[in-house]
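In what comes next, chain A is part of two complexes: it sits with chain B in the first one and with chain C in the second one.
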Partner chain A sequence: MAFEIPVEKWTAAVSALTIGAAEADGGTRTSTVTVGGETTLPFLGFEGDTPNRPAIAMEVLDVPPPNYPEPLSAAFGDAVNDPAVWAKRCVEEFGADMVCLRLAGAHPDQENKSAEDCAQAVKSVLGAVGVPLIIWGCGQPDKDNEIMPRCSEVAAGENCLLGTATEDNYKTITAACMADGHKLITEAPIDINIQKQANILVSEMGLDLSRIVMFQATGGLGYGMEYAYSIMERTRLAALGGDRMLAMPMLSVVGPEAWKAKEARSPEEAAPEWGAAEERGVSWETTTATCFLNGGTDILVMWHPRAVALLRKTIDSLMGEEA
Partner chain B sequence: MSSHIVVFLPDGACLDVESGRTILEAASAAGVAIDSSCGGQGACGKCRVIVSLGQPGGRPGDSLSREEIERGIVLACQATVADDLVVEVPLESQRGELQILMGRAEVTGEPAQAGTPLASRVSAEMAPPGQEDDASDEDRLLQRLSEASGESFEHFDIDLPSLRVLPRLARENSWHVDALVADFGGDGRVFGLEPPQAGEAYGLAVDVGTTTVVVQLIDLATHGFVDACASLNDQIAYGEDVISRIIHAQEDGAGLDQLRDAVRATVNRCAREVAGQHGVAPTQIIGAACVGNTVMTHLFLGIDPAAIRREPYVPAIKAAPVLRAGEVGLDIHPRAPVHLAPCVSSYVGGDITAGVLATALDQSPRLTLFIDMGTNGEMVIGHEEWMMCCSCSAGPAFEGSGVEYGMYATVGAIERLSYDRETDQVEWVTIGDARPRGICGSGLVDALAALLRAGAIDRAGRINLGFPSRRVRVRNERPEFVFVWGEEVGRSDDISLGEDGIQNLIRSKAAVYAGAETLLESLGLDAGRVEQILVAGAFGNYLDAESAVTIGLLPDVPLERIRFVGNAAVAGARLALLGRGARRGMEELAGRMTNFELSVVPGYMDRYVSGLFLPHTDLQRFPSVASRLELRA
Partner chain C sequence: MGLTGLDIFKQLPKTNCGDCGVPTCLAFAMKLAQKQASLDQCPHVSEEATAALSGAAAPPIKLITVGADERKLEVGNETVLFRHEETFYHPTGIAVAVDAALPEAELSARIKAIGDVSFERVGQTLTLNAVALKGEGEAFVKAAALAAQQSAVPLILVNEDPAVMGEALKACAGKRPLIYAATAENVDAMAALSKEHNCPLAVRGSDLSSLADLSEKAQAAGAADLVLDSGAREPAAVLANETAIRRAALRKRFRPLGFPTIVFTDGADPLEETQQAATYIAKYAGIVVINNMEPWELLTLVTVRQNIYTDPQKPIQIEEGLYEIGSPDESSPVLVTTNFSLTYFTVEGDVEASRVPAWVVVVDTEGTSVLTAWAAEKFTAEIIAEKVKAFDVASKVNHRKLVIPGHVAVLSGKLEDELSQEWKIVVGPRESSGIPTFLRTSWEA
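The block that comes next holds the complex of A and B.
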């Protein structure tokens, strides 16, 4: 008797959402990204559909990144001094599906940039590239409440993805997101219940569930990756099992987390026995990304162009789209 | 004139009443406050009570319908005592008073449970000795006591201090003395002798809580409740919860003594206060029944609780023998017996044993969930055939700790509260109708539910600063909701509930709900199968079931299944003070309860975090709340 693959019958699906608005939809994007819509655990083609490719977003900062490891500085060169130039390289040279603009310079401990400065950075990136944009705050709640409404406003109609709304601080960003027609990232500290609570809170403000992307704080390889992975897997199981409050696409911030690991970022002089720095860093980032891909993530925020290329190859192969 | 025993529920107060007295008079003598505004004329109809056992005399009351009479409803001022009665005082007929507050608890046990008290004052008139009767003074007294006590004791003895005073006391009082008799597990021991009718005899029922200590003064002759006193446990200076107390007990060899001294000082202070107010001398208090969780029981006795905190979590003792007040350090009659309720496990203590006894869960055919909302939230599920128990760390928020205007349920505490969004008005009721001083547990439950219903907080408990009311404001950079304006009640400040307090309340309610959920699921039971939920604790005089479900403190079951039983622990202590049956019952049921250790259940933490939301992250568990509040699942 031939072996039959056991097939799980799921009752529900992950919701799908599109980021970016083309001219016809009131924006200026030359491409848009649609993610989500899965009806199975990741890439089980025999069981259900994975209708949309996971998307790769490359992260750029509004200020030159402090303490950037050498392989990353080498990859981007002077581009890091101007987010528009940086974003353009990410898209045109490295093929990013989206750009994730992190407004790190607004943090009071960094340059404490004003809302207007941040809005300028958003405008310049939108002007430089045609892909959809993720606009990510500085991580300081009060400051984010100051800058995000203005950044949202200048990008109105572009259908960007704004981040992040947490259980403790969600009202300002959610209101801005609704007013300007964007999508929203809800963030939770690797906890499925808090993720769900954040989703409920923003939806009770009136934001439709189909406009949410979930972000469980990511852990890099060797630094909590398995926690994030298992939470993502549980989240997907809940979604497929019919929990509408957890049925949104997921996002992983891979680059910054992977490159935090000392194994990834130590220069060669510091640990010659670990081998070439670039190989290490790129491997660390790629491995982390691949893991989350299998955990069910839909959007991966990446750093190194070579890791992006390797990840794209992996996605091609998982989607059955190999050249 | 014959007399009958009348038990009042939910207070559990019981006393002997002469035939022919009205139930209202009996209630007043028992310290049970029943509403009545017509002065007992049978006109106002406010004193409706339900006679659930026995046949009352007199008339039921003219204003009652036949249906009501068939249900056993009578007007307390019209019906009289003509039989042993169990009288239920429904909520609407209760008049809130402090004494209820610290004692109120449902007691469904038989009146006969009273039995032999822990200590009693027995009048002994001995025949004088003569040529024909050369028995010793000791034998003479023992003989008389045996006759007087009937079958209460198989054996009597007399302690040395009593023997030393016996010869002179007997001869000076024409061979008539009062003996103070303690029940040591069935043996009667005379521990004091006094001239006849030298005074009344009292006992203490003591609830040694982690946060709060309650002491009730009981008249041993009538079994009547006299008064109560509550105080924060002085041990709080050494840590808020039992774990930090255990840690402190290990410090420098002095920690254990400090904790023991602190709790004894608290109990003694309360006892002194309550006795002093009624002119009762310490030596007139001749017995004490104490209940406490396992750690409190250890610390009260000065026994090292260290092992409770370490694997495999075994206590040093579960049950103590009957002790002497002097050796325990209670400032009452130094040789008075002190009874401690037996514990079940390291984290389920004598307070639960007492609570189960007082609510008669162990005799109920109905599947019952009993929850004692103390700093340690303990719960028992089961019925007459089996009982499982567990405990969770709930924190003291519902006792008013960790909430800025929170307070213990005492005079001046807002115990009921509602908010009307349309008119922006808050209606509140304080205990004792006094000027509001703060909000006690039941009021806090109402407050949280009211804010959620009105949309003044989100489901994570954060205040909605855009809420259209001047009651929402930011003070000291903290958002809060003002319930009582200071100027309206002559206070210099306003009574409010801020986000920090709300978060503490949410943590407490999440811990309790997760504990109950875990206990139920481990037994394969759904909350819907539970036939009654009994909630005990120091909330106040009442707990609004709908509010408690709305905030997710209790499972979403039909509201009539939820009953608030007040401080069941101290009610159990009172029963133990008054009856041997209760003392034996405690031992027996402590042995029957199976402890369930929540810390070994992997899902508990997950359930707890899921409960950190109003009413809960998973709305399917709260369908009635979802539909009432029109929340989206």
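The block that comes next holds the complex of A and C.
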């Protein structure tokens, strides 16, 4: 019996976008990253194309992380004291496609760093690595409006990805993004309508839809992973079905969410029945990422170097590129 | 999913004789469509109509039972491609491969270990579901007998020699193991064994066309309960085949592939294997067979399964009550939150991260988050006050401060009134992630 695989006739594609600008394009990046462009559900080669591999960004903070679990401290050592050194290790040793610099130190509850301090951190990371940069604020809306324009400005022309614009706070970052030639992350709290609304708002300011990456506040494995997963599936279905306002590539913040879980961060003494702490954390982080790959994410922000290596292999295997 | 009244009506005699207890055939058809009547109440319905109607009414993916006792595994009977469309119903069975050639003591220990695995998460007990016994000849039959006798965990018998399988099935009488597998070489003999021993049968093709062929052959030979293996082992191919099978069954009602699937990981490395299995759990595997038993691997996979198979319409809830995080004492803070599992466990994680032990008053909001519960009036000042009294929080602490989520700051005044001004309401952070900073810097008993 000749069995014919039931193929869906999608009418549209996910938009593709490039992050990072090489010298010819007015930047100083030695590599760029292109994501998106899918014409089918994740990795279904029989139906359509996945022209670009999902990209792996490694997260670097501008301040030493306050309570990193042991496997992470062990992996990065002293590098966490200097974002430039840290970023260099992520790229040169661990093969990150991108660096995600999160300006956690700017938060008023943390070190309340100034816009100038933040801009310095951006410059030092740009100088240390050649990969494209994601610049992520501290999450406090007023403070982000203070620091992000300056950070955007010192990275002008580098075609970075700036985050995040929310439904309630998008004007300042969108204006900076447009002025300095960057891409923008819009954020929503696991709500497809709010995501759409944020996209509409920033596009009404004149930002082209092809410059947007979408981010739904992610839950790690065991802590709401399924909500993010289903939102991703719904978003991808909407994109393929022709909803232009949801057709942008998606980003997931995996490392910080996965390592929040006690299943990931508990030391072995605290949970001997769960086995080796490092493998457990790496498993928790990578598996969260793998679920999101199957949901349709395009950019994954990761923490542990072993999780990055394992995720890269997983992407190979889902793309059908196994060695 | 089911047939409409009109579809059914077309198959009825249309004589309106009333023998079914309903005045007209159309009315009877409507009742059938609503499942308020059964077809045999019409004594005049033709045989062809019976066949057509019961065939069409059968679920597009058959429910298959492996094992016989209280630990039996049920897979299949899924109705959607995406969990948000409805829900996934029968969680992927997780099986662990066991080599029948192991020395008896080791074999016995491994089978026992598989049965003993158990994790408590969000009020649910998560376990493994089957032993996939692989081996040849006499050793295989002996191992099957040992497993059947020793363990209540369902068995998957992995051996392609019908003569050996026949012996193994005799040794597992009454246990209803899954026979793995019928292939192009042995399908008639394996199907006969499936029929004779009333055991489900896995069929393995080399691609989807050969799988569909084998499925039909096995059914023609009397095997009614099938499990499908497309033969693929690389993740990209497995994902494609699993998707194609689910779509063919649901969208095309393609009967030969209307059964649950079984997938084998091919990674020796437990971390890589975990990624493969996670993909297969998310994407439609009825049963996934893994090779390793690292505790963290099992914890990861049962959690993926729990997440993916949570009904999106029915969020997991925890029991209401007064919870202790760390070892709180009479000067520890008291926080209030809802019983949506995700809300509570996020709060729990953030309190743990703060290293400040705390009491948490968990209010039953029918599994909704703080803002949703507040909007639906399930998290009001009256309700919170009632719970604070009911859980006798005052007997646990010597201060009288109650921390409420920042999102419901508006409740403060009313709540103090409801608590007869005996408690002072402290407005906590809006997001749970603010709890560590809040407890370390702002909290004073």
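Definition applied: the second predicted complex is superposed on the first by the 323 of 323 C-alpha atoms of A that agree within 3 Å, B and C clash if a C-alpha of one lies under 4 Å from a C-alpha of the other, contacts with A are read in each partner's own complex, and residues count from 1 in each chain.
What we mean here is this: contacts are C-beta pairs under 8 Å (C-beta built on N, C-alpha and C of every residue); 3 or more make two chains touch, one makes a residue touch a chain.
Worth saying up front: this structure is predicted, and the values here are computed from it rather than measured.
On the shared subunit chain A, the superposed partners chain B and chain C are arranged side by side without overlap. In the superposition on chain A, contact is made by A:Thr290 with chain C only, not with chain B.
In the superposition on chain A, A:Ala24 contacts neither chain B nor chain C.
Annotation: apex chain A, arms to chain B and chain C, angle 70° (C-alpha centres, rounded to a multiple of 10).
Of the two partners, chain B and chain C, it is C that touches more residues of chain A. Look at A:Ile200: by the touch rule set out above, it reaches chain B but stays clear of chain C. Of the two partner chains placed around the shared chain by superposition, chain C is the only one that A:Tyr229 touches, whereas chain B remains out of contact.
In the superposition on chain A, contact of A:Leu44 is made with chain C only, not with chain B.
Per the superposed model, the minimal spacing between any CA atom of chain B and any CA atom of chain C is 7 Å.
Judged by the document's definition of touching, no chain A residue lies at the interface with chain B and also at the interface with chain C.
Per the touch definition, chain C reaches chain A in the complex via residues 82-84, 121, 208-209, 211-213, 216, 234-237, 239-240, 243-244, 247-248, 251-252, 254, 256-257, 270-272, 274-276, 278-279, 282-283, 294-297, 299-300, 303-304, 306-308, 310, 312, 342, 345-346, 349, 352-353, 434, 437, 441.
On the side of chain A, the complex with chain C involves touching residues 1-3, 5-6, 41, 43-46, 67, 109, 219, 221-227, 229-230, 233-234, 237, 260-263, 273-276, 279-280, 282-284, 286-287, 290-291, 293-295, 306, 310, 313-314, 317-320, 322.
Across the complex, chain B meets chain A through its residues 458-460, 462, 606, 609-610, 612-613, 617, 631-633. Remark: chain A residues 167-168, 191-194, 196-197, 200-201, 203-204, 244-245 touch chain B in the complex.
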